[in-house]
């Protein structure tokens, strides 16, 4: 059975579809940059969802055009919230990419599993504990990818 | 506000703690603390009316926290246990003063911490004994647990490991009690004893079962009941000398105190008797009795295997706890009296034995039964004390252990429990064998070369040992003295009171008069001595005046029987205790270890976002469907 | 909402969803960023339809403009600015595993 | 875990969410506070753009929080990326068109940005949108001349004082015995630049702060690239 | 007077905005701004706490009456946590002076402001904004330690937290779409009719998982070990001690005011039990101080969730007591970890090097495992009596798990204590033994002193907690305070 192509189906499907694709992307991505991108997508979906929560049939935008009798307006509150949410989203995104830049400089990779492994090794080294041997490192040491010389920012160690 | 006698006692004990804390580093601090213990004991004796059926003495200390009333008071039960606590604390502390302290400090021990830990233990035990409701009972319980941990962990190294094991067991027990407390609270709405007494009557069988298991298990951990006994021997044995005398004498009896208070007094033996185990003929009470019997047998035979005198004694301490519980669970006048009297008797001879062994360690530097022997010629008084102690431990006349064990046996026979009786006798057999190993390997046989110059223990140590030996004999001769206290304890916890006389018990179901028994015994000794000396044909030979295989042995070759004692017997029974309890303990630990590994993997190697997504999916699906 | 608007919305929705899928699947990072800004653009247009001009303006400025700019700048600094995607993916579902140069 | 599982889970989640969201009454929201705000907003805040009156009036603390988030993100990015490098001397300049275009565009974009900011209470637009345009205007010279030094101290000065003035306007109301962030100087007339009292002032603060914040973020992202 | 409440949020924000500028002008002056602002915040809140009538009040921000505008709701619970936020901010102030200190201090001010907002705000979306502000400030502060591992940990946290905010926003959208309001009091009025259905439950669960990221809810807490292992101890203490409790407080408020479905409590209970099991067991094998504390923190938060799941707010007192207790203990322990971070085996002999720190460690551990008469015991006691009173088997399971976890906890904590008190290995030079000292030891000592003081004053403290809990439990009081019968009387 194909459901009728009602506007709410389209719009909700879009909002939730974007959210879901975004979340799936975050889960499935191996590349950290794609994870950030996926988050952006998911946020877009949720923003749409918020606006939908205030949408009203046959209403106008919430701006007064004339004094006196007002036509029905859509709900302004969700719109204000979405404004806030969009800006918050971009702030987080900017922060995320700047951290990515640093990780790329230090670890020469953005593969999440490799980053996680390097992080574990780093923490263990700082703490002075022997690393737990995992299935990912079955026999002895698995060499981690060396940091290629050309990628190293010579001034990257200033902080 | 006037101070009651109990207030005085607690304040006195607190003052002792403060003295140990602040001036415990000074010279003669040990003597000061010992005198203060003596003062506490005197205060306790001022309450002696409690031991003879006097009324309850309440403390004026009581407060309300989060709607819970906390109060403290003393009755005959508390008084009886407090007497043993303070007595053993006084004598152990006395024992520690002087020579032992000096050598302990010389070996790098911290004597300040030792006295502090002792004082803390005594105070917390008094608080526990004074508890007037279940909540204060639990508070005291935990205090005792942690104070004991401090004393056990003092020596460092192996001792700390043993203490760690102890505290893990104790925490598990404590949490079982905590859970039981919560269950009780949910049905009574209060933790006051009166309220609980009423609530017990209307509890469902399931709940009562659960409570018996939780409380029995929780208190049993401290008593060292099977299968929770593994921690006790190493923990007590590795405690610094006088500390192990103190702990061995009283610490694990706190478990019995709590069992008496909660299981016997509050729940009532009758209620426990009504808890049938489905599909079998036995009930919860029988279960407890059998646990007690196995607690007698297994640790006793394990003790036989030990090659360290302290460990041997500590294992016996576990086993003797079984007699006490057995007597209490039988719950007739004689059994109860036997169990309770055994608490007192055990404290006296256990303390004496640990002290004697510590004296030997003090002089020779070792407690290894394979490296000692023949010390009787060098330390005759210590030998005497040890001898008296093991006679008490083995439950032979004329010492006090005989009385309490006789009472327990008699009650088992009276109540028609021959299997339990048989098992208890097997336990006693093991006791006799292993205490023989103890005295033989230390004091009998040939003196080792390296111990030629050993002297008798110093008088600071000898005095408390002799006092204990005297008590062991006197209470063996006049068991009526402690039996008077025991009778009032029985009354308080709701057991039938025994009819005692100065020399023992006098009732229709059985009588014992130790004055007569000992009289006959000594008369026999006297006759033997008369025969021996009147014959007059004895000849004194030197210990080394020996033959072996027809050859003279030169003086530098010593003939030691002590190494690998009971090898043949061990071979016979060894298969029976291959350490199944140890295996149980290890498997629990490795299970936790494994689960821990899994959980760490969950956090460290996993895809967090995936968890999030799947959780979201599951909860949403749950909502929709 | 008129019928025309409905159709526009449908078109936009399809465009956005396919762009969103592209963000995940496309090999080239630049293309992914571009696809993400297409999603934002569609969203901005959709907001206009939803009578939310303020939000639409913000989304256009922030989502389409600023966010893409940030991502593009980041790509350059990350060294992922490769116009021709030379890397060959072994498995379409191992999403964008970075080729390693070590 | 298999990718397929993840995909299935995500799809399942989407389906479930859709099923739940289907319970909402689309197109006819309850509008409890929405309609109340519509009725009162013009009188209470003097803004014809009701979204603006919500953003700067009814939910002004949200906006303040949002500014703080942006500030926090910029500061954090600054912490992460560290100090700017000044090794730009070797960089080649941008093309002629970019440079000249930048020169022309800069004032134009500034004007547009400020216009949008100041008319935020009347027409669609406002501090955020205008702020982004301002940021772009600041960023343009950087694109044109990668080695150009953006005046970071100036930016942070603007950033700090813009944010502070938002709060200070709010505190002014508090000092006058009103509530924190209560709009002041509301005129009776609607639809004019100064009818909304302090709201345009707030939007100016927002715009400047957003602009400065984003400009410094962008330059930080771009600048270190220049040094690579 | 009550209007000054807004200052506790506004002033730290103001300070944060101005700090980078002022620090450039004069460092000597700049460094005092943050502490001064926080001290003033403490003074305002302390003043409200002491002089106030102990009646809750509501402050309408912007002068717009609550359902339209945003209000701050201050009952004793909220005031207490707001005060804790300011006070802990002051205690854990990043004093270190280097080129980044202006930014770091600004971020810290933002974090404190956001935490205060989380405690006080009475509006759902406003809570979300403060929640995000907390998150972003945290990212910056974690990344500020500048190690590669810190960056990697931050990005993991950021992405998880990003998903969390997506879910939170989704929940808010659902709620707004259904009821048309965001004010908690208003929602509390409408909830019985409009949100006691599947949609309400779904909204709650989205919010729960979203906010749960910060509250260390299982299983969205995988960021915890890495972040606490890489961030500075002071920050970890603040996060584990306070921020997680604030997130928990929001969930608690939502549960109490808006979502009364038994299913909601059940989900929390199950997740709480899993949290306890996973956290405490994982800590058992931890070889490193901070990770151990992090795992233990997960376990403790799980206990809080179990307490929270008690129906009809019965667990309020337990939650409050456990939360405050954990706040003090974990802060203190993380302060000790400042000197003692790293492998546990390295700590051998540290007791001799710093006996006070070792004593504090034992004290905190004892209280954490609930040894009477330390406060931890009373907190746990309130929990288990409530749990045992429930008839549903799931609660009894929670009780069992809680008790067993305590045993495990005691075992691993005292294993560490035993290591600390071991004598140092021979081959180690004395200067190789980690020492806890200086400011962090003093801070830990402060918490230890607080703990002992609470032990001595347990009866009055307990009574006060009971009144606070009773007030927080009262839904009608909340609604009537925000919407007084005579309009405007709340000001």
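By letter and in written order, the chains are A, B, C, D and E; residue numbering begins at 1 in each of them.
One rule holds in what follows: a contact is a pair of C-beta atoms (placed from the backbone, for glycine too) under 8 Å apart; a residue touches a chain by one contact, two chains touch by 3 or more.
As the structure is a computational prediction, the values presented were derived from the model and not from experiment.
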Those chains which touch chain B and also touch chain A: D, E
Higher-contact pair (C-beta pairs counted), A-D versus C-D: A-D
Innermost chain by mean C-alpha position: E
Rounded Å distance, chain B centre to chain D centre (Cα mean): 75
Chain A-chain C separation of Cα centroids, rounded to whole Å: 12
Approximate Å spacing (C-alpha centroids) for the pair chain C, chain E: 37
Geometric centre distance via CA averages, chain E-chain A, whole Å: 25
Junction residues of chain B - those touching two or more other chains: 600, 604, 607, 609-610, 613, 616, 620, 623-624
Multi-partner residues of chain A (at least 2 other chains): 7, 11, 13, 17, 19, 21-24, 26-28, 35, 47, 49, 52-57, 61-63, 73, 75, 77, 79, 81, 83-84, 86-88, 91-92, 94-95, 97-102, 116, 159
In chain D, residues with contacts to at least two other chains: 3, 6-7, 9-10, 13, 17, 20-21, 24, 27, 29, 31, 33-34, 37, 49, 51, 58-59, 62, 65-66, 69, 72-73, 76, 79-80, 83, 124, 128, 217, 221, 224, 228
Chains grouped in pairs wherever the two touch, ordered by label: A-B, A-C, A-D, A-E, B-D, B-E, C-D, D-E
Chain C-touching residues of chain A, taken from the complex the two chains share: 5, 7, 10-11, 13-14, 17-18, 21-22, 24-25, 28-31, 33-34, 37-38, 40-41, 44, 47-48, 51-52, 55-63, 73-74, 79, 82-83, 86-87, 89-90, 93-94, 97-98, 100-101, 104, 108-111, 145-146, 148, 151
Of chain C, residues touching chain A in the complex: 1, 6, 9-10, 12-13, 16-17, 20-21, 23-24, 29, 32-33, 36, 39-40, 43, 46-47, 50-55, 58-59, 62-63, 66-67, 70-71, 73-75, 77-80, 93-98, 100-102
List of chain B residues in touch with chain A within their complex: 600-601, 604-605, 607, 609-610, 613
Residue numbers on chain A that touch chain E, as the complex places them: 19, 22-23, 26, 32, 35-36, 39, 42-43, 45-47, 49-50, 52-54, 75, 77-78, 81, 84-85, 88, 91-92, 95-96, 99-100, 102-103, 106-107, 115-116, 118-119, 122-124, 126-130, 159
Chain D residues within the chain B interface of the complex: 1, 6, 9-10, 12-13, 16-17, 19-20
